[in-house]
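The structures come next, written out as structure tokens.
The same subunit A turns up in both complexes below, where it pairs with subunit B and then with subunit C.
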Partner chain A sequence: MRWVLPRKDLESWLVFLNRDENLIVPDGSQGFLKYQGKVFLEGKPRLSIKEFFLPWREPLLSFEAIPGVIPTPCLPTGKKIIFGVLPCDAKAITLIARVYEKDLHFQERLRNTVLIGVIRKKEESCFCTAMGVDPFKGEGLDILVLPKDDILLIEPLTPRGKELLPEGAREASTEEENLYNEAMESFRKTAFVSPLWEKLKKTELLPLYEAPFWEELSFPCLNCGVCTYLCPTCYCFDVQDEVVGAKGIRVRLPDSCMFLLYSQHASGHNPRKTPLARFRNRFMHKFKYYLDEYGEPLCVGCGRCNDACPAGINLWDILKAMGEV
Partner chain B sequence: MYPLPARIEKIAVETEDGLIKSFYLKLLDKAKSFERYRPGQFAMLSVPGKGECPIGIASAPGEKYLLFSVYRTGLVTDALHRLPEGTIIGLRGPLGNGYPLERFKGKNIVLIAGGFAITTLRATLVYLLNNQADYGEITLIYGARNPGLLLYKEELKSWQERKDLKIYLTIDREAPHWEGLVGFVPQITEKVAPQGKNAVALVCGPPVMIKFTLPILEKLGFRPEDIYLSLENRMRCGLGLCRHCNVGPALVCKDGPVFSLAEIKRLPPEY
Partner chain C sequence: MNSLTFKLREKARQILKEGQAEAILAFTEGPTPFKPRLALIKSPEEAERIVWPGFSGLNPLTLWPKIKDIKTAIFATGCISRTLAVLIKEKQLEREEIYVVGVPCPGLLDPQKIPDKPEIKKIDEKEEKIFFETQKETKVFLRRELLRETCLSCRHPSPTLYDEILEGESLTPSKIPFSRVEELEKLSSEERAYWFFEKIVSPCIRCYACRNACPLCYCPQCFVDDSRPQWVGKTRDPIDNLLYHLVRAFHLAGRCVNCGSCEAACPLGLPLQVLNQKLIKEAFENFTYEAGLDLESPLLFDTYDEKDPDDFIVTAKRKTGG
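For the complex of A and B:
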């Protein structure tokens, strides 16, 4: 069953969601922040919601900075509600969750975070459907909201989502249900999943790895890593010990496979020494290794990498070349 | 998985250059995880304030101490080398797959080690000697640049006296008072290793040693499925999450560190 809320009542819903002061919204084009009365639902925020599951700094242990100390484990605390999530970003969290199935920190955050998705207008750089993502499925979301003219059509997807429906919402009429269904069907009509996945699943690994196109396509890459930072599905991390004065913590923080140090041994030996090797590793992971293991590509088609790449690299050029092997 | 507190009960300087120290550890609390593990597995040694590093477990299950022989080369290993006996450090593991010793039952086994890569092969050898009846003939070929760089010298002596072990120690060049073999590991292997039929070879050493040893094993009739190598790559989590250690689709921390040569031939050369 779907629910209807007049768009003018959105603010009162947000105030209701924020009763524990733990509501996060896209508050501008850059990304998600604590709700302060503003919400940005028009375009695509530059940052996804990844940082709320794999934060910039995730403390694992804390300790007194003295030799022989026994550290204390840390776990993330506090519940969050994130409103205005892009359905593709929520799907990305489900892709990461498969790998992080047994990770305490990730799972704790997953348990304590409610995701409310809002369907937005498809932008030129979007290609979620080609990756097999259907925003109307609402994978990873607790509630899915479709703005339509002056109303919000609301679909609760989980029990905890149901509990957070706006007080002023009423059940959708047949007409309104149809509005939703029509929007969904007209979107799905234009959506097609790329045939590349079925092909790439069958492609042999080593010929793909050794294909000559990597040299030309990786040439412009600066190994800056912006694609990996903005990517909602990239999940590599580094672990570092930080000591300030008498206190220390061990933290987990995002890392990028684009960086030379990422794979460098203490001896100096580096199995992915060349920019080509690192470039190839990123795409092979997304479109071959992960695909082979989980049956889906590790990409939700948000297009942020293409938008942000300073060298103008477009993921589709690589995918096309991979598909031709 | 959090590090378990372990006390350094004993430290031994293994090599004459002082770069390898053996740490004999005991967990403060008995932990089930370390009661049973496979030789070939590794653990993360943790020094709060410095970090963690992956080190192969050099002791066999059931030995009095958990043994780690550590080459001083990076931030954490340098910090470890500065610690005195009695210090408490962290131990996270056991991690990785280890050698599939069940599959080796009834077969002749040759262990080929070069330099300080003997650590997890020591664990394997101790295990095999304790379970001699399940296995065929056991051979150890171990080489180092010079006698001073051989690890576990006392133990090597006692192994040489055993009747149930064929042991060949070699150094690269003649040295005073050296009574063992002289020559590189691949050449010695060619002379003394058993034929590959109904046998497995476990090879650990520097890349150049491995490169020249593998063709000799294949010549002796070892199939790629019967040759086992232990890979190492930079790693952070040891749990298959952080992806630093991937060799193509395989993760050294989770799918390895032990791979058969047949498996390695199917992977990109990222090690």
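For the complex of A and C:
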């Protein structure tokens, strides 16, 4: 069953959601921040919600450099509600969750974070459907909101989502239910899942790895971390010790496979020394290794990488080349 | 077609046929009109892919380390030719290794300056006018409305170093090269610190696009990547972000040519070039030095003169004076 809230009552819903002062919203085109009365639902925020699950700095444990003293684990505390999540970003969290299945910190954050998705107008850079993502399915979300003219059509997807429905919401009439269904059907009619996945699952690994196209396609790449840091599905991390005197905190932070240091061994050897090798690894991970392991590509088609790449690299050029091997 | 694109293609074909170079490092058509992409063009037929960069602010010389054992030509605007001069003087490449076609630069454009960006199918530039073709209509903008901040502050739009030069008119050299810096200098030190934290330090995600897009950031191992000793923390802690940006800016003091590749590459659109411009201003005002204007004069840090100003050395008197 779906619910209806007049759009003018959105603010009072947000105030209600923020009663524990833990509401996060897209506050502008850059990314998600604590709710301060402003919410940006028109376009795609540059940064995804990934940082609330794999934060820029996650303390893992604290320690003292004294023999016999056992380190104390740190766990994230507090609950969060994130409103205005892009359905593709939420799907991305479900893809990461498979890899972080046994990770204490990630799972703790997953348990304590409610995600309320809002469907936005499809942008030119969007290609979620090609990656097999259906925003109307609301994977990973607790509530899905479809703004339609001057109302919000609200679909609770989980029990905890149901508890957060706005007080002023009423049950949707048959007409309003139809509005939702029509929007969903007309979106799904144009949806087209790329046939590449079935093909790539069957492609042999080595010919793909050794294909000659990598050289030309990786040439313009600067090996910066823009694509990996903006990507809602890239989950690689670095671990650092922040030490002052004899005390320290071990923290986890995002890392990028594009960086030379990422694959540097303590011995000095680096298995991915060339820019080409690092470039190739990113795409092989997303569209071969992960695909083989979990049956889906590690991409939700948000298009942020294509939008922001300073070198003008487009994921589809690489995908097409991979599909031709 | 953009008249500069036409000229570049014609020249590229000629160079590859006549053999002044075996390859050309140039922008080619990218996935969208805003995203031209660098490529190494090796045949006259491929030269048809070349475009004038327009909306890409990337300095092509940043890819120079990837080019090996092939005599390469490059189209050089003012800032690109100055970059080249700095690289040659710093012994990063030999003058003979590269064939330089000078291009009088009309200025590059900033996609962020387009008001409510429509879905653009095609972009055309004709002298002072920029045409955007959308599905329905053609919108016209004036070049100066869309010029990048770094181009607005450019003192040397014409190439300073070349083997041959294309005909054409370049942008008028800026009369307000340091306007962005001067705006900030008017503020109190607290206000400046606030600006720095709000505009650069806090939002920066440390993706290092600015460093990697900089052709003069060529250290084989950057100080941020050192782990023994570790000079700077790797998280987005404000102090570490601050240290990264300040050290990078200082490392480019007297070297930065104001190409703005760093600012263009930033995925968050942070005003990074302002830091470099402050140091360009210091070098200019204290030592009348501008990087990369010729191949003969020594590098800023290679010179010493007894008359050099030394009032930047913080003394007790200056400290109390603020």
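Here is the rule we use: the second predicted complex is superposed on the first by the 316 of 325 C-alpha atoms of A that agree within 3 Å, B and C clash if a C-alpha of one lies under 4 Å from a C-alpha of the other, contacts with A are read in each partner's own complex, and residues count from 1 in each chain.
Criterion: contacts are C-beta pairs under 8 Å (C-beta built on N, C-alpha and C of every residue); 3 or more make two chains touch, one makes a residue touch a chain.
The model shown is predicted, which means the values in this text are computed figures rather than measured ones.
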item	value
Room on subunit A for both subunit B and subunit C (clash or fit)	fit
First, second, both or neither for A:124, with subunit B first and subunit C second	second
Which of subunit B and subunit C A:222 touches, first, second, both or neither	second
Partner chain in contact with A:313 - subunit B first, subunit C second, else both or neither	second
Which of subunit B and subunit C A:30 touches, first, second, both or neither	second
Subunit B versus subunit C as contact partner of A:256, first or second or both or neither	second
Degrees between the directions from subunit A toward subunit B and toward subunit C, using C-alpha centres, nearest 10	90
Which superposed partner A:238 touches (first subunit B, second subunit C, both, neither)	both
Touched partner set for A:56, first subunit B, second subunit C, both or neither	second
Partner chain(s) touched by A:46 [first = subunit B, second = subunit C, both, neither]	second
First, second, both or neither for A:246, with subunit B first and subunit C second	neither
Minimum Cα separation, subunit C to subunit B, after superposition on A (Å)	6
Interface residues of subunit A shared between complexes with subunit B and subunit C	238, 240
Partner subunit C, residues of subunit A touching it in the complex	30, 46-47, 56-57, 124, 216, 219-220, 222-226, 228-230, 238, 240, 242, 251, 253, 256, 259-261, 275, 306, 308-314, 316-317
Complex contact set, residues of subunit B against subunit A	2-3, 5, 48-53, 73-75, 77, 83, 86-90, 232-234, 236-237, 239-249, 266, 268-271
Contact footprint of subunit A on subunit C as seen in their complex	30-31, 35-40, 56, 58, 62-63, 66, 119, 203, 205-209, 211-213, 225, 227, 233-237, 264-268
Of all residues in subunit A, those that touch subunit B in their complex	60-61, 63, 65, 67-71, 73, 99-100, 102-103, 205-206, 209, 235-241, 243, 248, 250, 255, 257, 262-267, 271-272, 277, 281, 284-285, 288-289, 292-293
